[in-house]
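Two complexes follow with chain A in common, the first pairing it with chain B and the second with chain C.
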Partner chain A sequence: MPIASVLFAFLVGAIIVAVTRGNPLSAYAGLICGGFGIACTQGENPALQISNTIVFMIPLITAGVAVALPFRAGLFNIGAEGQLLAGAMACTALGIKLHDWPAVILLPTVLVGGMLAGAFWAGIAGVLKATVGAHEVVTTIMLNYVAQWLLRYLIIGGPLQLAAGTSKSLPIGKGAELATILPNDNSLIIFDLPASVYRVHTGLVIAVIAAAVFAILLWRTSLGYEIRAAGQSQKAARYAGVSVRRTIIVTMLIAGAFSGLAGAVQIAGVDHNLTDKYFSDTTGFDAIAVALLGLGSAVGIVLAALLFGALHSGGSVMQADAGISSSLVLVLQALILFSIAANFLNAIKLRIPGLGQAPSAPAPAGVGAALMTEAASAPPEQAGGT
Partner chain B sequence: MVRSQLRFLALVGAVLMIVAACGSTSSGSTAKQVKVGLVTDVGGLNDKSFNHLAYVGLQRAIADFNVKGDVTESKTGDDYVPNLTNFASKGYDLVIGVGFLMQEAVGTVSGQFPNVHFAIIDGAGTDASGKDLAHANVESLFFKEQDAGAMVGVIAGMLEKDKKAPGNTNVISAVGGVSIPPVNHYIAGYKWAATMEDPGIKVLVGYSNDFTDPAKCKSVAQSQIGAKSEILFQVAGGCGLGVLQAAGQAKVYSIGVDADQKDADPSVIASALKKVDVATYTAIKNVVNNQFQSGALTFSIANDGAGYSLDNLQLPSDIQAELDKVQAAIKAGTMTPPADIPA
Partner chain C sequence: MGGLSDIFPLLLTSSLWQTTLLLAVLLLLPALGGVISERSGVVNIAMEGMMLTGAFFAVWADLNWHNAWLAALVAVIAGGLMALIHGVVSIRFRADQIVSGIAINIFAAGLTVYLVRTIYGLQDVGHVGQSELLPNWNVPVLSTIPFLGKVLFQQNVIVYVALILLVLVEIVLFRTQLGLRIRAVGEHPQAADTAGLNVYLIRYGAVVTSGLLSGLAGALLAIGVSNTFVPNMTDGRGYIALAAMIFGKWTPRGAFVACLIFGLGEAIYANNSTIHVSQYLLSMLPYLLTLIVLAGVVGRSTPPAADGIPYAPGSE
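Up next is the complex of A and B:
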C-alpha cells in the first residue's frame, strides 16, 4: 500500500510537471540524483548528495518515532514540532551555559536535557488528556505555538541572544557538538571535495538506535503491550487491568523524549546554535507523514524518512538542473499523504480487474483504520506491501 | 500477486513515458560561459521583493552576457548550506546567496571552496558568532537602506505638514520584521526625513519578530492605527503585506518596501526601493569582466542602487519638488541620512 501511494504521487507529479511545460523525466532524474547520488547528468558529486539526504533523514527518523508511538496508543501527536523545539532550546541553553565542561559529560548532558525538555512539553498534553480529557490534537498544536514564541523570545532580545540586532543564539560549547563522521577539514579531499562538505554526523547512530528502542519497547515489553492495548480499545485494556491514564501519560512522555532528542541532535550535530531558521522548521510536521507512510513500524519509519530526506535533498538539484520548482517536492509529499489517507487505491484496484486481487474483507477506510488493521497483525514489518 | 504488481508497475512506466514525451527539453552550451548559481532564502522567488529582484538581475545578466544562470529556492533554513554547496561543487564561477539569513552558510561554504566566487545580498560570510570571516572569495552587497527610507520619509513628513494625510493626526509609523541592521537602516532614514520635514511629527516604531506571516505584522499595524498612525511603512518582507492590508482596511496610507509594491494593496502610496537587481547584475558583471572584488560593495542613491517609487497617490507638486531636492542632496553628499534610528 505505501509503495503504491508513492508511485501514485510520482505519477500525478509527472502529469503536473508535463502540464506546466516541464520534462518529467529530467525532473525525476534531478530528484533521484539529488536524493541518492545516482544518474547525475550535470556533474553533481554523488557522495555529497547521499550525505545531504542522510543529514535530512536523521531528525525525521527520531521525530517519526515520536509520532508513531502515540499512534499505537490511539493518540495523535501533532506536537512533535513543539517538542523538537523544546529539545533544541534545552540543548542550546545547556550547551552555552556549561560550555567549558569536557565533552564526555557535556554531550550526554545536552542530549538528555533535550529529551527531558521534549518529554516535559509532551507530558503537559498527556497529563491534560489523562486528567481532564483535553484532546491531545488541540493541546499539542497549541503547545507548538508556545514553543515557537518561546524560541523567538530566547533568541530575539532574550537570554540566549548572540548580540543586539541578531536573531540567533550564541554557539554551543565545542564539547556539546556531535562529531561528523568524516573529519571537518577544508583541506582534506575526499571524493573530489573537501571533507567538511559531508555533514553526516554521529546522530545517525542515535537515530537508528531510537528506532530500534521504539520497536523493542512496543513489541517486547509489557509497557508496549499496554500501549497497544490502550490504542485498540480503552475499555478492553481497562478490563485487562491496564491503567489507561498512566499509559497515556507515559506514552506522551516517551514520545516527547524522542522529539526532544531529534531537536537536540539537530543542534549538536548540524547547527551548533539556535537560529531564526527554526521559526520555519517543519521537521515535526513532516514526521507525521513519515510515521503514516512507515505504517508505524520501525523499519517503515526509517525507509519513509529516507524517502522524505531524499525528496528534500533532491528538490534543490531538480530545480537547478531541470528548472522545475523545488515546490514540486511539497506537492509529492502531499500526494503521498493524501493517497494514504484516502486509501482510494484499493477502490481503484477493485474497478480495474487484474490490477490487484479483490480484498476479501471490506477495505478499511481512513488513516486510523489502516493503522489499526496493521497494528492488529504483528509483526509490523510484514503488513506493508500489497 | 507478484504478477499483478508487475503489471501495475508496467502501467505506471508506460504512462510516465507518454507524459515524458509531452514535455520539452532544451539545452545548449557554448564555450567560455560564466556559470552563475542563485540561491534564494526561504522567501522564494515569488516574494515580490528581494528574491524576485535578484532573479530579475540574473535574467538581465543572462540577456547581456554569455552567462548560464541556475536558481535554487530554499524551502527551509536547512537548505542554505546544501544549496550553496551544490553549485560550488559543480564548479560554478559565481554563487549568489540572497539575504542576511544566509551569512553563516556563505561563511562556511566559501571556506570550503576558495576557488569559487560568492556574493551575498545584505550580509557577509560569517562564522557562528556573527564575525565576518573576510574570505577573499566573498563579495558583500550592502545597501544604504536609509537613503530609500529617507525618500519615503520625505513623502510622509510632507503629507502631514501639508495637511494632505487622511486624518491629519500628525502620527506616522513603521513596522519592522526583526530588529536587524537592514531593517533599522530603513526606519532610521524614514524617521529622520519625516522629522526634518515636519518637526512636530510623531513616529511610532514596532516589530513583528517575523518576516513571513502577514497576520503577525497586521496585528502590529492595527495597534499603531489604534494609536492614530495614518501612514504606515512596512519593513518586514512577506510579513509586511499584512501592514499594507491593515492600512487598506482602515482607509489610511501605507508604504511598501524593497520592490515597488503598488499592486499589493490600493493603500500603498509609495515604495522604498532597494535595487537588489542592480546589485546582482553588478556582481555578475564583475565576474564576467574579471573584476571581482572581495569585501563590501555598497549600493545607494549615489550609484542608483536605492530609491523610491510613487504608487497609488498623485503627489502635490511641492512634495515632488522636495523629493527631487532631497534626492539630489543625498546624491551629492550634502545630506546624509543616519544608519541608526534617531531618538
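Up next is the complex of A and C:
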C-alpha cells in the first residue's frame, strides 16, 4: 500500500509537470540522480549525492519517530516542527553559553538540553490534552508558531544574534559539534572528492538508535503496552488499569524529546548555528508523511525517511539539470499524503465488485484516522467515571 | 519595555484603528470559512493553503488581464478548488481530515512556488499596477465623520464585503433553516441523515465555501494590501484565522472579536516604530492567547460534536 501511494503521487506529479510543459522523465531522472546517485547525466558525484541524502534523512528519522509514537497513543503530534525548533534553540543557546566546556561534557549537555526543550514544548500540549481535553492538533499548531517567532526574536535583535543586521546566531563551541563520519581532511580523497566535502555525521548513529528505542519502547515495555492500549480504546485501557491521562502526558514528553533531539543533532551535526534557513524548515511536517508512509514501524520510518531524504537531495539536482523547480518535491509530498490518507486505491478496488456502487462498509481511512478517532471524540475527563 | 507607554497616544489615532480593521478582515474571511466548514463537521486547518493559492492566482490573473475584479474572482475560484480537493479527499474518501489539511497546505506552498518558477522564471513575479489593485472606497458622507469615518468608511472595498459576509454568515448559521441543517450535520450526522438531509452535499458546500472565502482573503492580501506575490506571503495568517475561530468558540461574531484583537496587535507594530518590544515577540501573542483560551482560563471552547469524523452511512 505505501509503495502504491508513492507511485500514485509520482504519476500525478508527472501529469502536473507535463501540463506545465516540462519533461516528467528528465525531472524524475534528476530526482533519482540527486537522491541516489544513479543515472546522473551532468557529471554529479554519486557518492556526494548519497551523502547529501543521508544528511537529509537523519532528522527525518528522529522526527518521524516523534510523530509515530503519539499516533500509537491516538494522539496527532503535528507539533514536531515546533519541538524540533525548541531543541535547536536550546542546543544553540547552551552551545554558545558553555562554549569553552570540554566536548565530553558539552556535547551530551547540548543534546540533552535539546531533548528537554522539545519535551517541554510537547509537554504543554500533553498536559492541556490530559487535563482540559484541549485538542493536541490545535495546541501543537499554536506552539509551532510560538517557537517560530521565538526563533526569529532570538537571532534577529535577540540575545543569540551574531551581529546587528544579521539573521543568524553565534556559532556553538567546538566541543558541542558532532563529528562527521569521514575525517575532516582535504588531502584524503574519497570517490574523487576530498573527504571534508561529505557531510554525513555521527547523528546518523543517534537517529538509528532513536528508531530502535522507539521499537523497543513500544513493543517491549509496559509503557509501550499502555500507549498502544490508550490508542486503541481509552475505555478498555482504563479497565485494564492504565492511567490514560498519565500515558498521554508521558507520550507527548517522549515524543517532544525525540523532536528536540532531531533539532539539536541538526545544529550540532550540520549547521553549528541557527540561521534564517530554519524559518522555512519543514522537517517536522515532513515527519508526518514519514510516520504515515512508514506505517508507524521503526524499519518503515527509516525507509520512508530515506525516500524523503532522497527527494530533498534530488530536488536541487532536478532543478539544475532538468530546469524543473525543486518545489515539485513539496507537491509530490502532498500527493503522497493525500494518497495515504484517502487510500484511493483501496477505495477504487472496493468499488469494482459492486459494479460502481459505493462500498457498504466504510473504507479504512488513513493510519492516522484509524488511530485517532477514539481520542478525538472523547476527551479523557468526559469518558472517565470509574 | 520602556516604550510601552507610547502605545496609549497611539491608541487615540484613527489610522491605527483603520489598519486594525483591514488586518482583522484578512483574518476574518478565512476564519468565517473555518467556522462554516467545522460547523458542518469537517475540520479545516487548510485555510493557509487556500489563501496562499488565492493570493497567487489573484496576481497571475491581474497581470494577465489587468482587471482587479476578474482577478479577485479567479482567486476565489482557485481557493474553492483547493477546498474541493480537501472535500473530495475527506468526505468522499473519508480520509483523515487533519492529514488532508496538512497535505493541502504543503500542496499549496509547493504548487505556487512551482508555478512562479515555471511561469516567471527566476525573476520576481512582477508588480500589479496601481490602477489594477482592489481599490479603497470612501463611503459618501459617512467617511467624513471625524475619527469613525476614517476607521470604518475609508477602507478597501473587500473590507465592506467581508463585514457584510460576517453579518450574513451569522444570520444564515443561526437564524435560517440552512444554518440549522449545517449545524445538525456537524453535531449528529446520523440523525441528520435519518431526517432526510444530504450530509455529503451540505459538507461539500460548507468546505467549498471556506475555500471561496479564503481565496478572497488571498486576493485582498496580494492585490489589495500588497501588489505582488511572494512565496509563502500568507505567513501563518490562515493558522491565525484558525486560532481566531477557536478563540471565538466557532461563532462568526466571536471569531471577529478575536480577529480584531489579533489585528490590533499587528497594527500597533505596523503603525509605530518607537515601541521597543520586538515585533517577533508581539507576533507570538495570537498563538499564546489562543493557548490560554484552550487551557480553559477564559471558559471552555468546545468544537462541534462530529467535527473531524468522516461520515459513513450506516455507521454507529
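Just so it is clear, the second predicted complex is superposed on the first by the 349 of 386 C-alpha atoms of A that agree within 3 Å, B and C clash if a C-alpha of one lies under 4 Å from a C-alpha of the other, contacts with A are read in each partner's own complex, and residues count from 1 in each chain.
Please note the rule applied: a contact is a pair of C-beta atoms (placed from the backbone, for glycine too) under 8 Å apart; a residue touches a chain by one contact, two chains touch by 3 or more.
From a predicted model like this one, the values you see are computed outputs, not experimental measurements.
> Please tell me, clash or fit, for chain B and chain C sharing chain A in the overlay.
Aligned on chain A, chain B and chain C clash with each other.
> Touching A:Val331, do we find chain B (first), chain C (second), both, or neither?
A:Val331: touches chain C, not chain B.
> Pick one for A:Ala341: touches chain B only (first), chain C only (second), both, or neither.
second
> Scan A:Phe76 for contacts with chain B and chain C and give back first, second, both or neither.
second
> Go through the superposed model and pick first if A:Gly22 touches only chain B, second if only chain C, both, or neither.
Both partners, chain B and chain C.
> Contact-wise, after the overlay, does A:Ile288 reach chain B, chain C, both or neither (first, second, both, neither)?
Only chain C is touched by A:Ile288; chain B is not.
> Would you sort A:His135 into first (chain B), second (chain C), both or neither based on which partner it touches?
second
> Is A:Leu150 touching anything from chain B or chain C once the two structures are fitted on A? First, second, both or neither.
The answer is second: A:Leu150 touches chain C but not chain B.
> With the two complexes superposed on chain A, say which partner A:Lys277 touches: chain B (first), chain C (second), both, or neither.
first
> Could you look at A:Phe120 and tell me whether it touches chain B, chain C, both or neither (first, second, both, neither)?
Neither partner.
> Can you tell me which of the listed chain B stretches (166-174, 220-228 or 292-300) runs into chain C once everything is aligned on A?
With the two structures superposed, the offending stretch of chain B is 220-228.
> Across the two complexes, what residues of chain A are contacted by chain B and by chain C?
Common to the two interfaces on chain A: residues 21-22, 152, 156-157, 280, 282, 325, 327, 329-330.
> If you look only at chain A, which of its residues touch chain B in the complex?
Within the complex, chain A contacts chain B at residues 4, 7, 10-11, 14-15, 17-18, 21-26, 34, 42-45, 48, 52, 55-56, 152, 156-157, 162-168, 170-171, 186, 193-194, 196-197, 199, 270, 272-273, 275-282, 312-313, 315-317, 319-321, 323, 325-327, 329-330, 354-357.
> In the complex of these two chains, what residues of chain A are touching chain C?
16, 20-22, 76, 78, 124, 128, 132, 134-135, 137-139, 141-143, 145-146, 148-150, 152-153, 156-158, 280, 282, 285, 288, 292, 325, 327-335, 337-338, 340-344, 347, 360, 362-363, 365-366, 368-369, 372-373, 376-377
> In the complex formed with chain A, which residues of chain B make contact?
Where chain B meets chain A, its residues are 1, 4, 7-9, 11-12, 15-16, 19-20, 22-25, 37, 42, 44-45, 70-83, 85-87, 89-91, 101, 104, 108-109, 111-113, 128-130, 178-181, 184, 209-210, 212.
> In their complex, what parts of chain C are in touch with chain A?
45, 85, 89-90, 93-96, 98-100, 102-104, 106-107, 109-111, 113-118, 232, 236, 239, 242-243, 246, 278, 280-281, 283-284, 287-288, 290-291, 294-296, 300, 303, 308-310, 312, 314-315
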